[in-house]
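You will see chain A twice below: alongside chain B first, and alongside chain C after that.
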Partner chain A sequence: MTTGEPGWAAGVPNDVEMWRHELRRLGWAAGCAPALALVAAVAVVALTAGEGLERPQASLVLLTGLEALLPLAVAMAATSVVAAGRARELHLSLPTPYAMVLGRRLGLLAAATSAVAVVFTGAIWAAGLWSGPSLVASPLLWAPAVAWLGGLAVLVALVTRSLLLATTVAAGVWLAHQLFAASFAAHAWSRPLYLFPVSRLDAYPGWMTDRLVLTATVAPLAAGVLLLLRRPERMLTEEEA
Partner chain B sequence: MSGVRETLAVCRYEFRMQIRKRSLWITIALLAGSLAAGRFGMGPRYAPASPGAPAREVMTRWAFLFSVILPIAFGMALADRLLRDRRLRTAELLASMPPGSGGRLTGTFLGSVTATGAPALAAMLVAAGYETVRRGDPMMIPWGLAAFAAVLAPALVFVAGYALVCPLVLTAPLFRVLFVGYWFWGNLLLPATLPTPTGSLLTPIGSYAASWLLGTPVLHAGIPGPLSFLRPEPTGSAAAGSIALLVVAGLIPLLAAGLLRGRWRTA
Partner chain C sequence: MDIAITGLRRSFGRVTALRGVDLTVRGGMYGLLGGNGAGKTTLMRIMAGVIAPGAGQVRIGGYDLTTRSGRRQVQRRLGYVPQDLGLYPDLSPREFLDYVALLKGLDDSAARRRQVEELLDVVGLTGVAGRRMKGFSGGQRRRVGIAQALLGDPALLIVDEPTAGLDPEERIRFRTLLAGLAGQRTVLLSTHIVEDVAQTCHETAVLAAGQVIYSGSVADLTRAAEGTTWQMSSAGAPPIEGVVVSAVARETGTQFRVISPARPSPDATSVAPTLEDGYLALMQRHSSTAVG
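Up next is the complex of A and B:
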């Protein structure tokens, strides 16, 4: 039970029941999206192994799964959680703030993402296919990009109240980062903001600093999300604006 | 004959419903505007045509600039269209109506394609109007329409077929992830990196049609890679073949969905 909510009473779900309920509300598609993104990378390696895929190439595909596919999957799942919420009027009439309900669901998504990313990292390291930065720094490979793209998608969903705009902006930014990697790397100001340096650039000097700068740029996105969630009634809109 | 009329009625309804979605217009305007503003920094193949270039080249360059990312919006817009009937619990009610499942699916598809294509066509016409004023060539508008029909419209048909049907099986969030991943892998990633259909007749980015209109290979058309029989020289007949293949390939999921729905009903 969280602060600000009424104390336990008969008929009020306990913590486990509440988290189970939130997990169900998150939906299997959103909850499994991070794992399926990584499974897709493994499937690409498995399907192309017969076509003479070299070990360095296989390693690059797996790192692409972790660095690029995972953030895309999380951004799309997070957008669904925020933009496709149902019965908002009912939620707004309950003692638990709607922001907290969304926070729990996004928290579950973040937990699922972290768990599968850590397990996946360990698995490809154990298979001798890890060619990224040191294992200790490996969360910096995926976490900043996940937070940045996910934060952007949620912010756009909250500002525009449109699933279409939020998913297209996230997809467009992802695609632009894939297509114009060289342009991002060419400028000192844009290099730290580049989401996928390990899988798309030949060399990435100052990677650690760049990732920390990228992590810092998540703060304004998160602040925008928190600010908008303080007025959840803004999210009441007609279907498919 | 009455089946055709009912299908057209579904199409008209679908078109009128979707054309009023503000987010569709805003999304296409945002993407097309960003591409137009950022094209100078996107490399020589996306840069504007040189001064004095013929209208055909100028407008084809606009079409393939838009075809890089605009179809993403088509897919995103249509991903939950059929799921919506299920979510609102109107699918059973709609199934009891005269057009039947096949007619309704066809009407929804045609209405969706025309409504989603309208903002993209408007973007092409704005670009053509701008080039007409800037270059003083009135042929920009007809060539803009031709480039839209050859490069963007087949992409829209192809994407619409899969975007309407696949989320019924995959769910919309998963379809969106896979679709964006596919768009990069299947249209833009070079076959030297990974086996990919990039540069083949079956790439909806419109590489063959754009290459034929420009008279020079662009967007990797015909680049060596897997399925070599789908990678002929980018000639006029190859471009026509590519357009036909994309349209047929886009209809396959609809056909499959129609057949499966019929089987579920009789089961």
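Up next is the complex of A and C:
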């Protein structure tokens, strides 16, 4: 059998083939989730435009899409990658560590998220609807929240080995941040941990510093995830174990 | 690939799955028998590097499975067919095998593709190689499982309950395929179907409640029921004495095959035991010892 025969793609390097396989394993639902979250924000603006939606309001909805909806969608997608993957036992018996397989899939999700977020930011800036920080600092709007909520969801998925529990925790935290914005803002210690400062607290002075603090708090979550990934049986669900 | 296990223990929370397993396997096809919950799957998973041993020593081909590097070395030489394969239904067998081959580190594209096509042929799936696995039968899925395990020509093949749920014809085909593979490598077959071991293995071990209660030749295990295997006919209820292995209804009454240390009835005749009889006699002896 040589390259180019029926059933085989011709002349594709192994690395590309591996990433192509992992992209398919990520699945269209998880891969499209970040884009769909932002499309939902655009849809809200489009549907309410005829009802006298002012530009500042439209801008806020779009920023909310970027700052709040995107992290939620990514957290759900990341949870499904970790907790709903198939053939886990087989993967755990292969010489390529399953943690690396999951890392590739989560990496693809992160890449898709970054790409759609950057394109979305550029698009609303070009449309004159951008009311967030400078374009250079714009990743601070969504990236820390995506990493924090996504990291938390993955950590819970690994600890509980339950898709339901992980998604519930991620959605619960997201909802708490939406409902109790004022409470988070009221204390100096909780303000840096608040996920949605621009859309819910109107980008108070010093929010960028707080964003960097939030980014730093991702480190213990990431360390927890890496620690759990070193214990292969953590990857089997309760039913499989 | 030689396997040497001594004092292996493994617990999951409060449940102890393995309580000091000692086992030595030296090439060829080796059967691992035991009922549900005996600890077979845990033992298979430890040998496949899926889970780490709790305590004790596990060496395969000289590599120490209590270390991460040892597990990785064994996995480079291993083909594993788990009980629940969990295949990707949206992939075709060809795509799935190509993916697994890449994960096994078969980097030479041409050689990898050649091997995938050869294995599809070996397991008789060439005709459906491009079809999605979504609608595959249990037998077809198992064959995909075997094919992926054979990628990279492993020295050790571990197969967990391969014939469970298969129809008799498919089971026989599968057994023949496995037996054919044992020529050049060690094949470890875990099953609760005694017939599968009887038809394919020379050596076997029996696991009960997390311990090896027998390891040796299949012939010797069969002999464990010598002098305790009886056949008798009865018009009424089964005999009270012993364990009934089979009951066949006939015009004259029901013919029972019974494992019992003593003659279960005056008209019972002693018969030559099968492996199933030997296995049941061993289990009966073990349970009475455990109770006593």
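As a working rule, the second predicted complex is superposed on the first by the 222 of 241 C-alpha atoms of A that agree within 3 Å, B and C clash if a C-alpha of one lies under 4 Å from a C-alpha of the other, contacts with A are read in each partner's own complex, and residues count from 1 in each chain.
Note that a contact is a pair of C-beta atoms (placed from the backbone, for glycine too) under 8 Å apart; a residue touches a chain by one contact, two chains touch by 3 or more.
All figures in this text were calculated on a predicted structure; none of them were measured in a lab.
Chemist: Give one of first, second, both or neither to describe whether A:E89 is in contact with chain B, with chain C, with both, or with none.
Modeler: second
Chemist: Looking at A:A30, would you say it contacts chain B, chain C, both, or neither? Reply first, second, both or neither.
Modeler: In the superposition, A:A30 contacts chain B only.
Chemist: Could you look at A:M18 and tell me whether it touches chain B, chain C, both or neither (first, second, both, neither)?
Modeler: It touches chain C, and chain B stays clear.
Chemist: Can you tell me whether chain B or chain C touches more residues on chain A?
Modeler: Tallying touched residues of chain A, the top partner is B.
Chemist: In the superposed arrangement, which partner chain does A:E233 touch: chain B (first), chain C (second), both, or neither?
Modeler: Once the two structures are laid over each other on A, A:E233 reaches chain C alone.
Chemist: After superposition on the shared chain, which partner residues are touched by A:Q57: those of chain B (first), chain C (second), both, or neither?
Modeler: It touches chain B, and chain C stays clear.
Chemist: Would you please give the residues of chain A that touch chain B in one complex and also touch chain C in the other complex?
Modeler: Common interface on chain A, chain B vs chain C: 240-241.
Chemist: For chain B, which residues count as touching chain A in their complex?
Modeler: 21-24, 26-27, 30-31, 34, 41-43, 68-69, 72-73, 76-77, 79-80, 84, 170-174, 176-178, 180-181, 183-184, 188, 193-195, 226
Chemist: In their complex, what parts of chain C are in touch with chain A?
Modeler: Touch list, chain C to chain A: 12, 45, 48-52, 72, 75-76, 78, 80, 82, 84-88, 90-91, 94-95, 98-100, 102-105, 107, 109-110, 113-114, 116-117, 129-130, 148.
Chemist: For the complex, which residues does chain A have touching chain B?
Modeler: Against chain B, the touching part of chain A is residues 27-30, 32-33, 36-37, 40, 44, 48, 51, 53, 57, 61, 69, 72-73, 76-77, 79-80, 160, 162-165, 167-169, 171-172, 174-176, 178-180, 183, 240-241.
Chemist: Enumerate the contact residues on chain A facing chain C in the complex.
Modeler: Residues in contact with chain C: 1-3, 5, 7-8, 12, 14, 17-18, 21, 24-25, 86-96, 101, 231-233, 236, 240-241.
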